[in-house]
Structures are given as C-alpha cells and as structure tokens.
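By written order: A, B, C and D. Residues from 1 in each chain.
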C-alpha cells in the first residue's frame, strides 16, 4: 500500500488532447473519484495509471516510485473493469487465483488467500462456478475479489456500477466503500454519476474536456464551486449571466438586480455568473417581489417551481409543503416573492 | 378525439399471465401514465390498445366504439415508439406524410399539414433530411409529428424518452406535455421512470406483475398509497413490518413501538406494514429518543441519515442543514431523537 | 497487448508470407496474360494483348462467356426472388424447424461440388426416365441446377439485412393506417433492398464461376466458360488461358467490390 | 405483420418447393446408392450395400479417399495456425490496410475455382522452371495449394471468435501481473479456442471436397477423391458413384454439425 501521485499528466492523440496536465495526490487509504461527463478524460487518466495507455507527458508515482515507464504487468495496481473482464474459461476460484499464480505464490497459500478473498465478498460457496453462471452483481464481486487478493498498492475502479440495475447499485456501492475503508485501500474510482461519487469518495476530482475543474470534498464542491461547470454538474444550479453592480448587487443580463454578498463580490471583480442553488431560494406567496410562477411540478418529496422574475427564469426546489401550508395551493400564474441569503448566491467567472 | 376505455383486459401466454384484468378510462384530453418495473405488463397493455397484440379477454373502446377485434391499421391510434421506428429510406417529410397518404389525403392538403406538423415540433427546416442525418432528439420529434399529423383519436407513447440523454430528456418531456395539453390529446404513456410519470401525466396507473396496484394523481399515489408496492415504487419509503397495538401504536417486528394515527388504525385492522416517507421524519440531536446514527451521506441539497432505533433501521432525508445548524455536525454514532406527525405514518396491508 | 520484439517480427513475417502466397498466383496469371512469350523471362520480352484477341477468336471461350452470362442471369432472376421469400418467411418465424432450415442453407458449403453435380445428374437422368423429356443437356436443366446454388446465398444475404431491420417500423406503418401488403411494399421491401441487391450480384458471381454443377449438365454447343476452360486445359496450357482467367478475375472482382458497397460482405458472407 | 390468407398460402408453397428442390438430389443419390438396380423402379427391387463394397474395391476410390484425407489433414495443420496468426494480427490492428486484407480474404469466393487452379498450375510451372524441381505432381504442391484455400476460411472463423472476445480480459490479466506471452497463452488463446476448432473442421472440409485446385496438380497415383470421381464420371455413371457421394455427404455433413456446436456457422460462414 502506498499513495498515488500524478504529476502534470498529459495525453495527446495527434492534435487533440484527451488529458491536460492533471496533478493529483491520492493519499494512503484515501478514496478519490474522477467525476465528469463522457469524454472528459477520466477513463484515460485511470488507464494511464494502470499502464494501458502511455502518457504523453508527466509522471505517475506509486508509493513514491516512478512507474511511468513500467509495463502494466509490473505496476502492482488492482483494477476492476466496467465489463468486469472475468476470464470466461476459468472458474471463479481460478479467476481469483490468477494474480497469485503470476506472483508465484505456492499452492497452499494461494488456496487459502483465494477463499479468504471470496469470503470477503461473500462468494466462497461459488468458487467452482463459471462466470457466466453468476448474476451481474456476483460477477462484479468476483472482479473485486480478483483485484483485491493480490493486495495491490493502488486499487482502480472503472465505472464499477454502471452495468448493475438501480437497486443493486446502492448495495454494491455501500459494499465497495465498506471494503475500501476496512482494508485501507488507496483507491481511484472513475464515474460519471455524481451521486455515486458523492456517496463513495473522500474527495472528488471534477474533470471536463481533459482538464481538472476542481478538486475537493463533496461539501467543498457543492457549497463552494469555483467553476461554472462544477456548479452545474455537481447538483442542480441556477446560473445567471450578468455583471456586478456595487454595492452588493448583481445585474442580470435580463435587467433584474439580484441580491448577493458584498465581500465575496469584492474578492471576485471578474464575476460574470451568479450561481444560486434551487433549494436555497425561499418562496412566499405574495405579490411584493414581482415573481410569477411559470410551472409547478410535484415530485413527491419535493416540488419544483419555475419562477419568472424581471425576465430571468429561476428554478426553485422546496420540500413539498404540507396540506395546511398556503404554498401547497400555489399554481401557474400566481405572484410570488423570492428570497435568499446573500451568502447563498455565489459569484463565478465566465465559463471557459 | 375521444376517450379510451379498457374493460377487464387480459393477456395470457400459455399458463403465464402478462396482463390481468385491467380496467381503465382515459378521458378526452387526459394524459395517463402506465408506470411500473420492466415485465409488469405496461407495454403489453399499450400494444393491445394499438392492435399489435390480441387480448385474451376484455374489451377496448375508443370514443365509445369497440375496437377489440379491429386490425392495427383500422384503429386510429397514433403511436410513438421507443426506438422511434422512423422509415429509414424516407425523408422526414415523407415519414410525416405517410399516414396522410394512407388516408388518401390530396397532395396539396397533405403538404400543408406535413409542414404544419413539422412546425409544431420546430423541424420544418429539416423536411428533406433522412432520419439518420438527425440527432436522437430530432428523430424523436419527427416520430411525434408523424403520429400527430393524422389527428389520432388516441395518442400512445412507449417509453418515449428512454433513448435520450439526461439533459435532453427534461426538455422533450416538457415539450411532449405542452403539445399534449395544447392539442387536448387523449394520451396513454408507458414508462418505468417515476419522475417522468409524475411530471407528465394527469393520472398514473402503477402496475406490477400484470396487475394494476393503484390509480390516481401523483399526489394521491405519493401521499396516500394503498399498496406497499406503490409506497416503495413512487418515491422512497421506510416500510416497517409489525402489527397494530391499541391505542395509537404500531409494534415493529423488532420490538420498537412506533407512533401512528389512531383513526387510520381503526379503519385498517389488517395493517401489517407502517409506511413512513424519509423526508417526513424529523431529527433532533439529543439522546432522549434512543436513536443512533448509523450512516450520514451528504448529497448536496439533501443529506441522508440512516438511524437505528430499537432494532429498526430508518432512512431519513433532510435538506442539508446550514453550517450554523447543530445537525450539520451530526456524525455516525451520535444519539438522535426522531419524530413524525401521526398522520405521516400510513398503515398498509401486507405485500401480496 | 504488446509482444516482445523478436517474436513479433517472426509473427509479421509469417503473416506477410501467407498473404503474399495467396496473391502470387493471381498476380502471376495476370502478368503472363500480357507477356509476348509463353515462358516468362527477364528482361520481359515486351507486352501484348494478343492472347486476349486469341481467346476471343476461339469460339469456345466467346460462346462459353455468353452462355455463362445467360445462365447466371436466369439463375439470378429465378433464385433471388425465391430466396428472398424464404428469407422473409424464416425471419418472420413462419417456417417450422428454423435450425434445420439454417443447416440446409449451409449445404453449398457442406456438399462437395462434384457430389452435388453427380447427384443432380443422376436425379435428372431418373427424372428424364419418368417424364420422358430431355433435361440433362438442356438450358432449363442447367439453369435449375444453378438456381439451387443461388438460393442459399440469397437467403443468407437477405436474412442478414432483415436481421438489422427494425420490426417496429412495420408496426409504425400499420399504426399509420397501412394494410399488410402496403406495409410490405412501402416499408419492408425498401428496407431489404441492400440485401437483395447484394444477393443478385453474389448469385450472379456464384453461378458464373461454377464448374462442378455445370460439368455434367452442359449440352453440346452450350458449354459454360469454366467448363470450356477445363476442356481447353486438357489439351494445352498457354497464355490464352491466362487471358481468359484475367478477364474473369477482373469481372468477378469488380462485381464483388460493387456488392461490398451495398452490404459489408466481410460481415455476412 | 400478417398477410392475407391466399397470398400467404402461395408464398408457403413457393418456399416449400424451393427447399424440396434443394434436398431432392441429395436424397435421390442416397436412395440410389442402396438400391439393387441401376434404374430406380417401383416396387423397389431390394436393398443392398453392394455398391459400397464395389466402390471400396475400386482402387481409385479407396486411394483417392486416403490421399484426400492426407492432403486435407496437412493443409489444415499448416493453414490453421497461419490463418489464426493472421486473424490475430488483423484484430489487433497490426496490419496496415485492413480493408484490403478483408477483401483479399473474400478471394476464395471471388476468384473462380478453375481460374485459381489454372493460375496456380501456371505459377507452379514457372516456379519449377526457376528452382529446377518438381512441384506440380508432388504432394507438397498439392498441399500448398490447399493451404491457400484453408487460410481465408480460418481467418474469417477465428476473426469472428476474436470479435466477441472482450479485450479487457487481456488487460485484466496484464493488470494481475501476466507478461504479454502469458496473457496470450492463458487468456487470449483459450478464448479463441471455439473459433480455432471450427476453423480446423471447416478447413478440413474445404480441402477434402475441393476439385478445381486439385484437378491440375494431382500426380499419378495420388489422385484425390473428387478428382477420382470426375475421372470415373467420364466413362460411366452407376450407383457406385452414388455410394461414394453418400459417404462424402455423410462425412462432411457430420463434420459440419460438429463444427456448428463450436461456432454458430450460420452466423460466421
């Protein structure tokens, strides 16, 4: 076990850049998620760490050792593939034993460790089955056991849940996280699903078009996004174009003057966007503020309101009001007043 | 235009039953969603209405006329297929014109109505393209125009959004709903996505294993589920097994006594399950109630808590507390007190 | 996966040699057909088209070419519609014993050509005995034999294009008011077109180049080109034959490339 | 899509007739081979295996059978490993001009058999002239020709099995510490096995039943079975030939069914 360090890692294909100068440290025992839409370079980054793609520039260090030029088979990473990539002609036990065989571990010790790894994923009773005789969730767990049995220095997960159905996904997510914490695995996981990243990882790396947009904990990214892409990708967000007007106001392109934090404004004179989380906006059913309801969507636990205010459309999400609440009877066309704390409105530079 | 009535509609394949006695009326201009997991019989029901599958029993009436034995081409339904099912060798214009040709509409009128239908979906500038030259969202809109141009008595939608990406799905959903309302279309839509059903339909029909579990508006289903399957499928729900204990208590199988509504309890002496929505449970950081936090998952706008109380696990979802709120610092192992209104706890019969 | 350099080099050499060996005879025959001398020598003794002229002047090749064309066209015209109907029936599940049908369609690969030819010849002889009319040396007999050759290929090519066909397009047409025959004519048939075109070209080629079925069934004065080549070969080998071979290679190769534009042959053949 | 009843009936009749016609000659030849009389008559004059005994007694068939077996086995043993290597190289993108290679692999279907045979014969004659050694009437020459036949089939069958192979299984093996050659031996090769087995059986069949390539290349006393049948045919037609044909149909058909268990032939051939 050790830490994983990426230094200015780049990958170019001809004139197009898949990954652009990624710097990252995954600490010993930490789980970091690479999060982003498809084509953002997250999988390319993971595959460079595993040794399947040679980087164009930069270095990869595992436990302090530079492995940039080492072939995949000499890297000591344990990877779980999106397709599971089990060996179809070997039994579950032979699949899990493969890595130990390659490491020339003796037969007796090997058998013991294989069973131990299978017990870890609760599949020791299926060691003699072939992969195709297992369900998707079981195959996934075999893939986990196979990667973990060799005690890899770095544990790599490539969209490990994308082939599972919604119900199973929640379970396996918890299981992987529990294993990772119990064994103290240094882990890098790739996913396009923000909920998956938020629930599993200690820190998140949000990527877009080959670049790292922001690195931080779930709370840092959600509460303090520094980039419009991150604000819109992690959770939902109203992003309003405009410019600052001293003091303490933000003039939207549509003309509306929106309330924001003065101190924050001073710290960011280049602000071109106001980011406002839909659940941070309060809603009163009176005509004072000049808002008008354009749509109400009941979603069970929550209700979404689309409100037009001075030419700007704002999305508001509230817990569905109780039957007694006058908000419950709010309908399209009704006048409303919006309110939010100055601190809730974040100022961001223009999207790049 | 007219209404659609299904009377005791059944479909059996040998000894297995795909659809079991479905009764339903879709009123003139109403949009009804058939909602359920895959294999619940919702698509079979839709295909029986379109005339692609002959029912084993029961009747189908469109505008009062029995069409049960009529072939598909004589039914006057307009269907939008999951795969869009555009004719690949015809241009967009020819695709849309096909239904009018079949109805022997003259060339001049046909051209006018085709362009009108394409304008409706904002694709009149692409009438000469072939379907494969269009994006998925555009193909979807051609399929809509093709089905609508013939003014069908009943409009049928089979998982119309499942082949679109998440971003586009929201847009097309609003567009279909707006068209349906503007044109006053009697519409039956099939979907497995509860959010899609909640946002689009006037009423929902929840199906499972060939049977209708409950019919109602989004609010009726979410707030007053009468069936454990519906409670768990529409929104998330804590379902706790146990039995009633007079007065006003529900004894969980684990032994905990849970607070519930006395009047409701009297109305349902067969209660075997207590259904409690995770967002209707209040959370106080004190030791009085005897709850213990087992997991905290930060999800941005919301935070999920898993709380153990007297051997029962309860999921609680709260809007993420502000930084000042002491709840914000709640961690695994902390003692908490849970509370809910008696009316929030619904009593349900055992699952069938 | 990468390989160590030396084994990879050896590997490439083997693969390259295999392909060179496959191409060599074809290239050689083309080269021979345009050289003045019968024996290839260096430096080349000059190019000529005399062998082509010679080939055309020999009646058996010219006539053989014409009757091969004739038989191939007729076999295609009869075999492709029949095969297309069969493919449609198989795809729609109207035929019982789908597995048996698929196995049967492999028969052109399974039954040795000479065996099929012999079987057909014997069958024709018996049939002649019963119906009291000539079959073996007639054009009808020959075309019927070639039709048997075209059907399996047609079924496979058309089936491949049907497999890609979205059934729901047919349902959509019905939903829009089209009766079953209209659905077939306006939607199904146009969607099958690439497969049918490929089947036509491919059936033509298979019939045109067939030797074994024709061998026993050709009549006097109605020899097909491959049979004519075989007869010629029994007496002498000279560049005239190379010229005939080159013409066939170019014709058939051209048709293959044309077919490939409609259906990716490498996927379905 | 349903059809109106009358046209559907007609349609079924056409399809049934087509299939009956395809089966008739094969069935007929099998029937002839066990009837006592040369001319089939009703009631049947009694069954016999005499024609099979007669076929085995005739040296040319017995020897032809043995040398066909010999040639087919050798061609398979050489062609399949070569073709497998080529298929692997193509799948891994190591060969430039993938499209050209795929076209080349269609050559056994594109180049008429007689033309290929003639080309090879001419090629061999020139080669003999240069290297000053016999090729045309030798076993080596014949086997080499048949190897050319087996390679394209092997490449296609193995390629089909490689296309279904999940590349990430190879990556997983490397990730677990396997060196490239170990990856190939422990993961890639076992996953290709069904394709390779099918290629062996199929190459054997193709070589065994080939007439056109062998025709000019067989030497005295080393005639293959199809060539022996052709020679016999030039003198007489009798049920002995039907017996030989039946044996071949059963042998090849059996091998085809066996192959089909490894790879769904109807998908890849």
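Going forward, contacts are C-beta pairs under 8 Å (C-beta built on N, C-alpha and C of every residue); 3 or more make two chains touch, one makes a residue touch a chain.
Just so it is clear, the structure is predicted and the values come from calculations on it, not from any experiment.
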{"item": "Inter-centroid spacing, subunit C versus subunit A (mean Cα positions, whole Å)", "value": "56"}
{"item": "Centre-of-Cα separation between subunit D and subunit C, whole angstrom", "value": "16"}
{"item": "Subunit A-subunit B separation of Cα centroids, rounded to whole Å", "value": "28"}
{"item": "Set of subunit C residues in contact with two or more other chains", "value": "2, 174, 180, 183"}
{"item": "Subunit A: positions in contact with at least two other chains", "value": "71"}
{"item": "Arrangement of touching chains [line / ring / star / complete / other]", "value": "ring"}
{"item": "Chain pairs in mutual contact under the definition given at the outset", "value": "A-B, A-D, B-C, C-D"}
{"item": "Subunit C-facing residues of subunit D, complex", "value": "1-4, 7, 11-12, 14-15, 18-19, 21-26, 28-29, 32, 39-40, 82-83, 85-86, 89, 92, 94-95, 101-107, 109-116, 118-123, 125-126, 129, 144, 147-148, 151-152, 156, 170-171, 174, 180-181, 183-184, 188, 205-206, 208-209, 211-212, 215-216, 226, 229-230, 233, 237, 241-242, 245, 248-249, 252-253, 256-257, 260, 265-266, 269"}
{"item": "Subunit C - residues contacting subunit B, complex", "value": "166, 168-169, 171-180, 182-183, 186-187, 190-191, 193"}
{"item": "In the complex with subunit C, residue positions of subunit B that touch it", "value": "50-52, 71-75, 77-79, 81-83, 85-89, 98-99, 102-103, 146-147, 150"}
{"item": "Subunit B contact footprint on subunit A (complex, rising order)", "value": "194-195, 198-199, 218-219, 222, 234-236, 277-279, 297-302, 317, 319"}
